[in-house]
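Single-structure report; data block below.
Lettered A, B, C, D, E and F in written order, each chain numbered from 1.
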């Protein structure tokens, strides 16, 4: 707390609702954001949206926890839609069992898919009936236990030590949502061979460069994290908008706007990919679209 | 005007759209708010929402006049709903004939109830056909006359000297909307005995502590002013939101949001009452819910 | 660019999102606004809505280009509606072929009218089948050619040298959207004689004072530019609102709000005309309504 | 008072101790400066030197009243010194009888000269024994009477109707300290013919262009008002310095610094006159020296 | 330290070098001022004189410790001078042995007087050879012992239990510098009877109202604390002046200015006493002079 | 100029007269400071002392050019004085011929010494009659020629190629004022052997660590650059003080204060050296005194 207050005592003159709005990151969660917000309010007498990830009692937004997972699925749905396809009836593998993985699972299920495998840092489970999300939530959010406990309750499910094996599970759609570099070239080849038609990254750069090449060459749908997991950042933006409007949107409103943002990101990436000669290559598309937006604004603002 | 300007010349450095936003109160109405806003604008060059209760020409909100009366009825409707009941077909007594009483009457009537008695500081009228609101508005808002004039036009109605007798009128729902301590223990007992099922306070603390006890013991619906007449303050918040968004909402939008806020206040109070072991006791519920919201935010903000 | 930056280096201390928000004007388009915005951002570290007419990449609004033309037709539609009439099935003459004229044409056509004549600074075309808007856009927005080229493609259409002759074309509705004083007393008489029932100005003061008198005497619908072409300024206001809310509205939302604003302007003007004894005279109405709004706010703000 | 307060309510954002520091002028004396300072203090909570000419109780400087008159004589003394001469034993004519004239007289007398004539707007007195300054002060500062009353007390003195005749009085030094254009070409010729060796202007531009030419051609010492009456402005600067230092200098310190400033002005003007080819021509010198100081600073600050 | 920092986190927006400049008081010494200054510097990035009593390493002034004692003697010297008298050769009693008493002794001795008695809260010493100040400093500033130890080293001196007896010591001048109400009516009569010609208060209100009457009736010199012990506050002002000038004055300069201030206070009080009909009554004089200075400034600043 | 302006457009929010006051350094001279000051003034409307090294027309200080050289000699004089010695009658070698060297020579000569050798980057001259400073100034400041030209005019003088040989010239005092590491261990031994009694550094670290050891071991006076060439920085402080006081001190005043500062630096360093057990070792003394001042202030300001 002292550190947060002291940090804000210096930071406060460099940020502002219309200047820079920091969000939490590794090691800076709701508690730390609260302490920093308290110090800001005290020093400036301003009660406004200069940080995101705030508590619901003082300006935070609903649906932040769900944002990255939901967003990843929304993005994936757009990729599928472009090929006349959808989540409905698909078999899905979601690596990880944190916020991203749990809510990616939830949304995928809502859209009609069956998630058959999830993992934690020690191993993965496979449940051909579909992984029971309530059990996962109970284990991970409340009891803070390992995922292998899952098989105690679900006798048909199997637990396998080690995480990388999860990509051997046959699936239509893979949502790597655990950690960096969790999906290598070999895993990618297996996925493709097994008929996987779409990969959307919930984690930051979970696919190695080799894996990315495999996906692009196979011309399956591939949504790089830069675009596909932007849901968290997007919801920070929505928190800022709610603060500016002095309104708290309902869960449904935030979710609806989040979905629209993911659709827009997909559209922008997809169009840029096409326009610059690599249709379908969303890696190029996301890079180009992002770069062009910043570059155009910089050009428009003049030499400094 | 000079006083308002001089007052704002000091106040201006302590308030702000994101700091503190004062509203009018006794003796400070639209005129005074206008003078203070003019001085603020002049000193700071800012045209923004640092006061509420502003004129419609410079940032005020529609439905402010109606807000407390409407809000009181919305709150009461929620209490009834929780018991599977509603305003429809009910007989209602509304004490008072100011803004709160008039618009409580109007909204109750819209929801299907019949208001059979209203009062002013000298006496009350009883009209078994239902009090004619147009006559009341004409008498009170335009002609500024006493309520006893009502019986001149409505021959079936009766006028009684003194205000306290109004609670002897049989009714399903009582909305004390006149003044402090207007409803004492005796009156409360009479209401309960007469089969009154709900009391919602439009005035500030119109029921004496004894009366409150009677209501709570009888386990009828009782909505204390702290919660039930929050509609005015709520609309100040909505005025701030409109200013922040640079939009003027239509009467319907303000009304709809006002209703939602009253529903939310009811829900929060009701839940808190239940959670802390006194289900249905909205006095406890409102106090606890209010305290918890502030306390949680303070805890989250850290020691100062 | 240097000039814009230098200008903003002084201007920045006099403007602000809640103080004054300048927009571009003759010679100051999107490029200049961008340079000024860039310098503002640099000097103040604020990224907010202190200018309107910004690029879409940094806070600009959709539908700005269309705003004046659309707004003019919306206003005219209201005038017609008040007489139980509408654009549907009407023959329309729109002078000019710039942004205002093109989008007035487009909206009039959407509402069911047929635009039979348009002009540029050298002459006008008449196409009894209805002027083909795509051809006009191609000629004017892309090829930057003269309007007389139109007849090359549309053999039934006729081109006439000189602009003033356009008012001899028989029409139900005239939308002068070219330039100042383009419609004089004689032209007005011709229009009235030919059965024109409504004139709404998309340009600034296109009708001479004599022409205005003719319209008012004939008691046809006449929407002066002050009211009828307020759509551009209105959309600046909507851009500010979007900036304040940190949202970008869709084209449809901006359009819908624009329409509502034009309806409100019509209503306010019309009511003021009636209230001050000249029903139907929107020249008086617009002047009075505007004056009253400012005057009331000034009175409310107190002597400075 | 209301006007001063209202004026400062707008002005306060444009001035500052390091920005612009206004002083009083015609119609704005100590009283008005006090009211404006009070409003500044109130609005900004700052008690600092943002105005000059303040009362001695809140930051004003001693010797302001005397500053212009004293300064004029100091400047003249420098001109004389450059020719190996001084005020000692000289006969002096001082036109006017306001602050400038009275304190020019006082200082000239201190330096050993005899002032034999003074005037007001109706006429002038001549006293071959030297005008008695105490009588003048009594008449003008306390009794607010005409100068012709002087001769009642001083029997040897003569009063003459009309002001211009004063320049016919034989003198070594003339200090025109009454008003604009009070000394024309003819008067100048008379002065020169009578052996006048120095003219220093206490008023603003009291000598007509013809008179100036006469002085320059005659090569007598001529100190134009631009330089010779800068003592008032200089003391504003000294008031600012005292405010910045949070010290009040004694009368002697202010006087000493004032003298040094007048010496420096003389030196700068004299040097510039020489450097640019017109030695002794202080009209050129003062213009050039002032222009060069501003121009050099502007060049050094770069293009804006 | 935490408290000082937290306190300044709120206070910082209300103070400023040109707004209000707090100084320490009971329980707030150099250490606390340092902590508060550190927090100010951190929050505002300003290193300026917003507090007085700062350490010498960051803007404090020399001669603060000595200021009240020295100032008291300077004031007394002025009172004596007005009667053609001085400290030279006088016998002096100084009650107390803290900063005020020690430096009053030191300065009185420098001016040629002999201090024969001093006290602490338990008793007083009498040394007919003159109290040895070095011994007192050693005992009180370094060894922190009781004053009765003095007689161990100085055999001719006598120690007496109890403080009030000190006023029985015959003296020309009494400087009560210990504490409130230490000198009552009886003591005053004794002093007068013993031929005391001057009393100047180094402490705050050491003389009871009865004692004050005795002094005024006896028409001896009496300098009330309000005026006579203003040296500490005066040096706070000098610290501010040094900060504004970015200079550190030498001990001699501060001392010289302090002396001048005390002389000015005496002069202002003495003149006010005379002007308002009670010549020599410095109680009246100090009150009137202080009131008039504030009142005149308030009048000059206008109605707020 | 563009760069300076652009740089200041960002820097302006981080500096201030009471925050940080940058000065020029390598490649940033008066011209650049002027451009930056101009931009500051433009952006903030403040005309105050936020940079040092300003032009004399807008707040610069006299004696800045001379400051380092003069200061070095003043420091040396103090070292000598402590040993009962002085510059009078001494033979001095000053390396270099820039600002530092020229004004060190000038001041040394004023104090009665004879400078017999100076150098530039190619060689040095020896003139047993004393180097003629006017010739040096003419060559270096006006004609921008090499120092070897000196011998053309002064036939008795000798020129030697290479700089290091200058330390072979016999002298009482050496003032290395050319560049880093210009005086090595060998040179130091030669100086000591030749009877040199004092070395004061005008350049930054001109003596190598070996040379420093030689001086300390020989116990001759040695003034390290950190202390001895602080005159430039000191004069920046004096420029700030003048700006704060709104006064321009005369050359003599600046010079006098500079001298006092150098005396104080010597005293502080000398005392610290003694206090910490290495009397006479000014290397230790300067380091310790500087560290202690900062450390004490930090301690006093509390933990941040």
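Quick note on the criterion: a contact is a pair of C-beta atoms (placed from the backbone, for glycine too) under 8 Å apart; a residue touches a chain by one contact, two chains touch by 3 or more.
The structure presented is a predicted model; accordingly, all values stated were derived computationally and were not measured.
Q: Report the chain whose mean Cα position is at the greatest distance from that of subunit C.
A: The chain farthest from subunit C, judged by C-alpha centres, is E.
Q: Does the subunit A and subunit E pair touch with the same residues on each side or with different residues, judged by whether over half of the numbers are shared?
A: Shared-number fraction above one half, so same.
Q: Based only on mean CA positions, could you tell me how far subunit B sits from subunit D in angstrom?
A: 71
Q: Find the geometric centre of each of subunit C and subunit E from their Cα atoms only, then give the gap between the two centres in Å, rounded to an integer.
A: About 78 Å, centre to centre.
Q: As a quick test, compute the distance in whole Å between the mean CA positions of subunit A and subunit F.
A: Going by mean C-alpha positions, subunit A sits 62 Å from subunit F.
Q: How big is the gap, in whole Å, between where the Cα atoms of subunit A centre and where those of subunit C centre?
A: Taking the average C-alpha coordinate of subunit A and of subunit C, the gap between them is 45 Å.
Q: Identify all positions of subunit B at which a residue touches two or more other chains, and write them in rising order.
A: Touching at least two other chains: 9, 42, 45, 244-245, 304.
Q: Given the complex with subunit D, which residues does subunit E contribute to the contact?
A: So the residues of subunit E in touch with subunit D come to 16, 18-20, 237, 240-241, 244-245, 293, 296-297, 300-304.
Q: Can you check the complex and tell me which residues of subunit E touch subunit A?
A: The contact residues of subunit E facing subunit A are 9-10, 13, 42-43, 45.
Q: If we count contacts the way the header does, which residues on subunit B are in touch with subunit C in the complex?
A: Residue positions touching the partner: 1, 4-5, 17, 30-31, 34-35, 37-39, 41-42, 45-48, 55, 57-58, 244-247.
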